[in-house]
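Next, two complexes with chain A in common: one pairs it with chain B, the other with chain C.
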Partner chain A sequence: MKTVQRKICLLGDFSVGKTSLVRQFVEGRFDDRYLSTIGVKISRRQISRPDYLLNLLIWDLAGGDDYDDVTSGYLRGAAGILMVCDLTRPLTLHTLRKYRKQLDEIKLDPVVVIAANKVDLVAERAVDDSLLEELSQQINAPYLLSSAKTGEGVAAAFDQIAGLLEKKKS
Partner chain B sequence: MSDPVFDQEPNRPPSPSDDAALWADLQSLLLAQERARVHELEELVESLQEEIDHLQKQLGVQRELVVPTVTNSLSRIANDAVEQDRRGMAGALGPIIGEATRIQIRDSKDEMVEALYPIIGDSVVRAVTERFREFQRQIDARIRPRGGVLDNVALRLRGVNPSDVALRDALPFEITQLFLIQHDTGFVLEHFALDSSQAADSDLISGMLTAIRSFMEDSFDPTHESDEDLDSIYHGDANVILQSGSVVYAAAVVNGTEPAGFRAALRGLLTDLNLEYRDDFEAYDGDPETLPPLEHHLETWVEEIEAGLSEKSPSTDSSKKVLTRLAVALMVILVLLCGFMSWFVWRLMPTALGLTEPPPTVVATVVVTATPTATLPPTATITPSVTPSPTPTVTPSATPTTTPTATRTPTVTPQPTGSPFSRINGPVWSRVVPDLDEPPWIALIEGTEVDVLIVQGEWTQIRWNDPIVGEVEGWVPNGWVDLSPSDTIGSDADS
Partner chain C sequence: MKDSKLPPNLIEKRVVEHLGTRFAYALLDPQFKIKSTSFNFNELAAPEGEGLQGMPLADLFPELIGLEESMGELLSGDLEALNLDAVNRLVQNGSEGEEVVQYFNFTLFPADRRRPGEGLIFLIEEVSDQANLRQDLVQERNQLRLTQGELARANRELQRLDQIKTLFLSMAAHDMRTPLSVISGYIELIQDMIRDDEPQDKSLINRDLTIMQDQVHWLNRLILNVLDLNLIENELLVVDRQPFDMRLAVEQVARSTQNMFKNARQHLSYHVPTADVFVLAESDRIKQVLFNLVGNSFKFISRGGRVHIDLRSDIDRQKAILAIEDDGPGIDKAYQKHLFKLHYRTPESNEVQGTGLGLYIVKKLVDQHEGTIWVESEVGQGTRFVIELPLLSNLQKVS
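Here is the complex of A and B:
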């Protein structure tokens, strides 16, 4: 069976849980501590698709409400982007709208999926589904609810990117 | 201390018997306390002596048990003291430690060396590595480009001692990994590792290298004006040497000091690969079906480089060898000198004789009768015999050469040449014959002025002036020379 490689980047505001999602997906664990990512960290995980193996090279970028030249340099060659927002902080949804605009400006057209993260924090949730629907339509990307803590929706997010990549290629 | 009772004069002289008894009573009355105290103290001394004896005995028997306890306490005390008065402690201990160290070194040198090696050894290794790197840079800056028989002469002319170069070439060097990486994605297109276990993480390493390059580029050259790239990353003795191509870049992880010309060779490798696979490299999207068939290209290259190094390493040049080289070098200089003289005379000749350029679309054989005296007769006869050029689109210019001997009739053989001073548009290896399978010969840098001699299929034959070897001819793939359309002979050179 052949192995295909793809570069996937994670984008989103500070502390929305990008690193935690990657950690959960790659190492299967969660850490309560917050260590803000500086620059970029690259991890890898192979997943099985119906007729091939997919080697995902995952670029976890430093978070922010905007991105600069350096970030756009890291995005070059990305086939897919997982945009992450935090269900307890409505402003982090707005950040994703900015990112979408900037992606269009630098003429990148990767596959995009939104992970609305920290769904386990039920009591603190401040974003309802209708806001997510709206965001999804605005930036033209499907969304799913995830929790880096419980693992809910984590593998599904990457699977969805893989599926969209296949669809795009065919 | 004086006691008032004893110092006083008695009022009447006492009888001797009275005196003794009284004296004894008085003494026991007055000194009872002191006596008891003395006795107590004597007992204390005795018991302390016993204790000391006991401790001394213990110290002898259980030295190893006592030492840690004492050491701990001492170091605690020392720590406290240092914290309270750092300067004072330093002042107080400095001379003692200095003296102790001196004595220790004198008395047990080997032990000291062993104890200090882990601390000092690393620093020394680092310093030496750094020194050698500096040495390598200095030498390289003065000897590049190299190649050819004139090495030693050229080096001397540039003030470089050939033995320094020999030493520089003999420094240990090893390529442990070599990556061929796609620029944007950081995907590994091919990877070579001396130790195959290193292959597992090659994609993560190449990803991080790509991120670092990208970071450096976007941070220090955000407008992408300069074509400078990150070209090496140092980590202790290991070193990553990066060489950038248009779509892919190469990263060599090496140990030790890179040999002269290593970067040029790496660039040559990239040039070759680019020439053959550029489109495939660009099209590669992570799907192995789009990966060009590189077939251990890197491994072969590493083997070639290493074979070249072992041939070259520790110079055992006998004086005979050196002499032969010198002789060859001298001969080449003589030939060059003659060439220059003829050129000089040739350049003066037309002016002196009032010659005009021959018609542009013919190959001309010009027979010139000339005398070498400074005053040339104005009646020199020129007999041009015209032969049609085999390649009629070229614009040849007559290049007559004359010999300065008076009695000879110089024959001038012109060659079809393109317009002078075309330029190389990027770093490229020249080859002796127009064949990619032939080993690279001399590296040409961007902007080198060349004469285009002929274009044959995918290849252009050029002539240029190499700073060391002098005027040479060689072949480069078409795209590397900026050709104006009139230079082209039966080929669609893409420039």
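Here is the complex of A and C:
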């Protein structure tokens, strides 16, 4: 069967759960502790699509609202971006708007999916669906609810990116 | 001059020693395959790798997959250099064999500036010390921001609760005035009757006392709600659940609110099944739920309005279903989902007495009984509150 390699980057404010999503997706586990990422960590996972195998190279970047030149260097060659926000911190949605603007400025047009993460923290949730709809329209990317803790929506997020990549190609 | 030509790897070693950093490099052909490497390349980049010559660099560094286009631009001279800073790599740590994160900077640039198409140099530099320092700083900054965020949130929540408390106090005081003024009116009436020195019609006095009694019950329930709010806020609300026939609650609540309805020229009716409807519940709490819901409907219906309590059991789903229906003004869809929140009141309900506490407490009590509650209503069509509780099986009833 044919194998295709694609680079996917995770973007989002600090502590929204980027590293945790990758850990859940690649290693199937979750860690409660928070260790801020410095630079970038690249992991791989293969997923099977209807008629080919997709090797994902997943770039977990350091989070923050201060997007700089370094970040754009990391984004070179990215086919897809998983933008992550935290359902317990409304400000993290705004960070994604900034990222979108900066992507447009450097004329990068990867496929984008939004993961609204930490959906397991029901009591602390501070972002309702209408805010997500709005964000999704502004950024022009579909969103889904995810939890790196329970695994909900994690594989689905990467599958959705794969689906969008196929659609874009055809 | 015998020593003037040191072997190249010795020069490299000295340079590396002198700079005090760990770096290594490889020369790549235009297909990005390794042509040659510095003496220490293996040590930094390929612990077990021998015979790296001819190997595509991306086999050693998957980090470079996806960057083919940019690397092509290096060869064509369109790009001067390509940097990847602080790439995290898991490295086996010495004898223990445990894995630790090390950080590396990668740089790619043409080997010959004037003829970039000939090949590239790949430079790898270990920067763990700086990165670890940065990690400490960033970690601290991020933790601090998270704490700030939490504090701000806690602060807003406190302010909100504070506002609610103030609002609640004034509403509660307002609500309590109604039964109190009714009671005080009847006391005066009875005092007048006694002062008149006439032989008294006992049944008249008795009727007035009954009305006063109803109002005292009403006051009592308002006060109970206030007390329960305290329990709920401090997470101390517990229910003592025993096998209990729900029909009793319906009958008792209907009986003791009957007068209140009659005096207001309103109608209360109920229906219970002939077979028992056993649930695991604290009977007083179930009555409190009913009182609150019936009292709520009572407030919103107009003169001549109706409230109906309906109890049935759904054997298939093993549920007791209790519904309280009224022909009042109905509730706008937009407000329905907020109804059970603390002190939420619809704009229409502003003129009607009630602390707005009742539904919140009802919801908490139903939760404590592992039940569900919802509302079905449309503006102008009346309102129906429905509660479902798990039915007790025959076995449980006996034990």
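For the reader, a short list of remarks on this structure follows.
We take it that the second predicted complex is superposed on the first by the 170 of 170 C-alpha atoms of A that agree within 3 Å, B and C clash if a C-alpha of one lies under 4 Å from a C-alpha of the other, contacts with A are read in each partner's own complex, and residues count from 1 in each chain.
In the analysis below, contacts are C-beta pairs under 8 Å (C-beta built on N, C-alpha and C of every residue); 3 or more make two chains touch, one makes a residue touch a chain.
All figures in this text were calculated on a predicted structure; none of them were measured in a lab.
Contacts of A:4 after superposition: chain B is touched, whereas chain C is not reached. In the superposed pair of complexes, A:42 makes contact with chain B and with chain C alike. In the superposed model, A:28 makes contact with neither chain B nor chain C. After overlaying the two complexes on the shared chain, residue contacts for A:77 are found with chain B and with chain C alike. Taken together, the two structures place residues 5-7, 39-40, 42, 44, 57, 70, 73-74, 76-79 of chain A in contact with chain B in one case and with chain C in the other. Those residues of chain A lying in contact with chain C across their complex are 5-7, 14-15, 34-42, 44, 57, 62, 70, 73-74, 76-79, 89, 91, 126. Of all the residues in chain B, the ones that touch chain A in their complex are 182-187, 203-204, 207-208, 211, 214-215, 217-219, 222, 285-289. Residues 62-63, 65-70, 82-88, 103, 131, 134-135, 138-139, 142-143, 145-146, 149, 153 of chain C are the ones touching chain A in the complex.
Against chain B, in their complex, chain A makes its touches with residues 2-7, 39-40, 42-44, 55, 57, 59, 68-70, 72-74, 76-79.
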